[in-house]
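Labels run A, B and C following the written order; every chain starts at residue 1.
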Amino acid sequence: MRRRRPGLFWVGAGLMGLFATIALLGPLLAPYEARLPVGPPLAPPTDGYPLGTNDLGQDTLSLLIYGARTSLLVAVAVTAVSTVLSWGVGLTAGFFRPTEAPLMMLSDLLLALPSIPLYLLVVTLVGPSLQNLVLALALLSWPAFARIVRSVVIEVRSAPYVEAARSLGGTRAHVARRHLLPATLDLLPTKLILTVRFAVFAEATLAFLGLADSGSVSWGTMLSNAFDDPLLFSRPVWPWLVFPPAVAIVTLILATTWLSTGIEGSIGGVPESVGAAAVESGPHAEHTESREGAALTGPRRRSRSR
Amino acid sequence: MSGDVLRLAGRYAVLAAAVVLLNFFIPRLLPGDPLTFSSGEGLDASAPMSAAAKEQLRVYYHLDEPTSRQLLAYLGDLARGDLGWSIARPSSVGALIAARLWWTLGLLLVSLGVSLVVGVSLGLAAGRRPGRRGDRLLVSGMAALAAVPEFLVAIGLLAVFSTGLGWVPLLGGQTAFISYGGDASGLLSRTLDIVSRLTLPAATLVLVGAAGFVLVARDAAAGTQGAPWLIVARAKGLRERSIAVRHVLPNIAFPLTTYLALRLGALFGGALVVERVFSVPGLGLLAYQSIRARDYPVLQALFLLSGLGVLVANFGLELLYLRLDRRRGTSHA
Amino acid sequence: MGGAALLSGCGGGAPAPTVERAPGARATSPATTGPARSDLIRFAWWTDVGALTPFQVSTAGPGGAMLLSLVYDTLTWKDEKGVVPWLASEWTTAEDGRSYTFRMADGVSWHDGEPLTAQDAAFSFTYYATHPYRWMPTEVVESAEATGEREVRIQLKRPYAAFIGDIAGIVPIIPRHVWEDVADPVKYSGANASTGSGPYKFAAHNEAEGTYRLTANAEYWRGRPKVAEWRQFAVPAEARVAIVRQGEADLSLTTDASVRDLLADDARLKVFETAPLSLVRLVFNTDRPPFDRKEVRQAVAYALDRRRIAETITRGPAIVGSPGVIPPETPWHNPALRQYTLDAARAKELMGGRKYTVKLIADTEAREPDLMAPMLEAVGITLQVLRVDPPTRAQLLGEGAFQMALTAHIGVGGDPDYLRRWYAGEEANAFAQGSIFNNAEFDRLGEEQTTTLDPARRRSIVFKMQEILAEQLPTLVLYHRRFYWVYDPHAFTPMTTWGGVMNGIPFPNNKLALIGG
């Protein structure tokens, strides 16, 4: 089967690569240590400060680079934890009958709850450290994928060739390894991209609201500090305070959108894939697939795989 | 038939019970009790708290009693509608919420309604001619819009329309203490005042929410393009609009209902952001302020109410879905 | 700048007014374009200030006390030049300074029509003994009784130099007929709870929106208020200037000096600048390590480039904090103190090679910690910043549950007795609490100045107290700052009060500016 990847996919991949590089090389690339006030406050772009400085005299470009590290670090961590968790739960539920009911009820419950108030309550209790943020976001995003994995496992489990393998004497472990795992692997890329997107959205919003770790440099806190200034829009430099982090956030998210077109939209025209990807990858997208699994027969899914 | 409904109701009853219990257990499941965990001892505080506040929490959580009695007390309080007392303000939690509930509900319902109508209309219009310029533009536009977090949209609108052009007042809510006459024109003035102040917050939510509706409607409309009955209808000379209303709309009811259910979960987050940026005196702003002040009774009540609220709304939607499904007979394409 | 100030505290007879003119305050002339408005003043503050009674008003900052001053009157008051008679038309002090006899003004009545008598004044002080006024403790008052038709005698436990300025000038006189049967004033919410004698009557309060409505008291004994209604509402910091510019409010403030340039060309609005009566300071918990050691506190002072911090944050000329706390440009300021100019080497020396990790409690929006962190890191102090909302910070300070805290507040330009009160744990302003300092000499001097009535002697004692503070540094003032009031001159004419309204509050809405229409 040939998968024709739309051009946008490569744009997205390229951008992600760029962000990842920036994040990895951060301190080497940044002209200054981001948290050090190094220049005159509220300066427009000049020699030494390519994007100007903020109200404390910290270099905007350096803040941007360090912010990329935070965003990507959180995104990767959340994705890793969430994927492992959901994959594990999905496999377990699909494979071991007795665990299916309780696990699915748990994921149902988590999906039914509005995530923000839950997050607020938890983070107020445990404190807004980076680690807690990652854990909380991972906990909010695992249920959806778990359902999908489980349903795939069930499908595959009852497939004829698996039955044949079992009757030929294959152990459960062997069956799992050779048949189930590969089947679920196909689903992984989508999950990864969607979760990265969700994490970036969530981290930026929470940082802006002041609910994330205020000790770390983040695009969201850059915007929050700018917005707290009562005279922000009267200062001529305000575009330099607002646009760099805003554009960074939007670009990273668009990159994930474009990446997802290449993964999902193997069939069908580009616009559809982009559209579908956009909708299903909104800030609270982790609920998408689950809703289908939960109660409805999944019209969305069907039309998507058309 | 009612077997389906009963099963659905049963499922939601279990979920509701789970929410109530979860609300009880969350602070107790996290390591340590709510007081020492959150406030540590003075210097070890991850979230420092005054002695008076700790004392109030002790009472609120009935911490001096065994867990089973705590649970009974909690359930009893809930049954009576007692949500406790706020730590940060001299008021009962119930009163705080009641004073702000309608702002948030009004804002959310209005934005949901508008984004539904606008989104579906745009989507249908585009879906009629899939692949054409307008359609591709719309889809790309919506994809781009969906990539912008709510708070950026909010700040953007604020910067352009309020601070910049000065078309709309800066703060949400209503002008303090304006006394309008009790008559119709007074009511009109008051309504206009509220509307002008809620325009930007609502617009933010609409922009953020509409993208999904547009795409759902568009996909569904595009999907029905080749359907035989549609060709027949067109051949019969029916006008496009009546075709849309009578034939296409019911078709998109399913995915729309699905998407609506999705949006509900996201609404509270949207309210939080929008009320913070525009200072609307609603539940979102209350949540935001309560986090700063570590006002647990308020946060627990908000979690409970929003959780139950979303469950109720989803239940309604799933009932609707059941009915639609039944009317169509077989499962749709 | 500030002229020499001859302060007369409380000699016998009418007080001698002082010469001090708060420098830097631009008194404004009425609008040159358009008529003055007389219907409404809308004031944007940052928060709800609680119910408007002396027992429930918020003490998180001066907003509550100031609003209360429009509804209630005090025995004495202050104008641009000093203390002036108010509810008391004149007073005498006993030889030993332990009692005051006030003669009450004629023709004063409460908002409900009842006449205000000496009984009310006596009752107020007696009631406050068991139910304190939240903004100013009256613990020094032993008894109060009406000694005639219009005379009230107040007996003190000891001579108290600050009595006329602080207590008589701040404590609201409350109606006996409302409060005499109220056992728990903190919970009392009767319809007449906010009955006062002031130029404005309480009309409405919406807690959710933090809004207040006061209507003019047309029969106010001092003159009819110029404006019919005073409205106050809560607006977050980032919107305050904008809503005045948009015309939604007539008066608000910022501490950002660049607002002067911003509004320089504005035809409609003006900026009123006050003396530097607000300050931003670090409070050290001297009971806990590492700040139980003077060397570490001094190291912090030498390590911080306070000039740069002040310039960056206020976006105006820096007024580096005086180590003796009392701000420059005020009458009690000691200019000859030991200074701590930036000297990282000296700081490291004082640290003696030790390294510490310290938790700093700060406001959620404070920017100073980000500037301070690298400066302190360079001398071996790693800062962990805990951000809490202002009321929580105030509570933590009040309980001493901290190592180092960053706070900002007013109330340092008035009578200097506050220095003693801070360290005696008697400070009412929640943002000024939390001062811990165990120094016998300082306490002794504090007690002494409070009973010293001779101005010159008192001054030298207060100067010495500042020297001790400068040497020991239980608190480090980062910088002093002015308030910049943005206002619409059609609606409001600001007024400078000598030493700040009441106990050093740099607000422009002294009720004297609001009456006489």
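The rule is simple: a residue touches a chain if its C-beta (ideal position, glycine included) is under 8 Å from a C-beta of that chain, and two chains touch if they have at least 3 such contacts.
Note that the coordinates shown come from a computational prediction; the quantities given were computed from them, not determined experimentally.
Student: Among all the other chains, which ones are in touch with both subunit B and subunit C?
Tutor: Expected: A.
Student: A-B versus A-C: which has more C-beta pairs touching?
Tutor: Result of the comparison of A-C and A-B: A-B.
Student: Can you tell me which chain is nearest the middle of the complex, judged by mean CA position?
Tutor: If we average C-alpha coordinates per chain, B lands closest to the whole-structure average.
Student: Centre to centre, by mean C-alpha position, how many angstrom separate subunit B and subunit C?
Tutor: One centre to the other, that is 43 Å.
Student: What's the distance between the Cα centroids of subunit A and subunit C, rounded to whole Å?
Tutor: Inter-chain centre distance comes to 49 Å.
Student: Distance between subunit A and subunit B based on Cα centroids, please, to the nearest Å.
Tutor: The computed centroid separation for subunit A versus subunit B comes out at 22 Å.
Student: Give me the residues of subunit B that touch two or more other chains.
Tutor: Only 47, 163, 292, 294 qualify.
Student: Which residues belonging to subunit C are in contact with no fewer than two other chains?
Tutor: Counting only residues that touch two or more other chains, subunit C contributes 239, 242, 364.
Student: Among all residues of subunit A, which ones touch two or more of the remaining chains?
Tutor: Touching at least two other chains: 210, 227, 233.
Student: Looking at the complex, which residues from subunit C come into contact with subunit A?
Tutor: Against subunit A, subunit C makes touches at 237-242, 254, 256, 258-259, 262, 312, 315, 364-365, 367, 370-371, 373-374, 384-385, 387.
Student: Looking at the complex, which residues from subunit B come into contact with subunit A?
Tutor: Its residues touching subunit A are 8, 11, 14-15, 18-19, 22, 26-27, 30, 34, 37-38, 46-47, 130-131, 135-136, 139-140, 142-144, 146-152, 155, 159, 163-164, 211-212, 215-216, 218-220, 222-223, 254-255, 258-259, 261-262, 264-269, 272-273, 276-277, 287-288, 290-292, 294, 296, 299-300, 302-303, 306-307, 310-311, 314, 318, 321, 325, 331-333.
Student: Which stretch or stretches of subunit A touch subunit B in the complex?
Tutor: It comes out as residues 105, 108-109, 111-118, 120-127, 129, 201, 204-205, 208-211, 223, 227, 233, 242, 246, 249-250, 253-254, 257, 269, 271-272, 274-279, 281-284, 287-288, 291-292, 295-297, 299-300, 302-303, 306.
Student: Which stretch or stretches of subunit C touch subunit B in the complex?
Tutor: So the residues of subunit C touching subunit B come out as 42, 50, 56, 204, 206-209, 211, 213, 231, 233, 235-236, 239, 242-243, 246, 248, 288, 359, 361, 364, 386, 388-389, 391-392, 395-396, 398-399, 401-403.
Student: Per the contact definition, I'd like the list of subunit B residues that touch subunit C in the complex.
Tutor: 42-43, 45, 47-53, 88-91, 96, 99-100, 162-163, 166, 169-171, 173, 175-177, 279, 281, 289, 292-294
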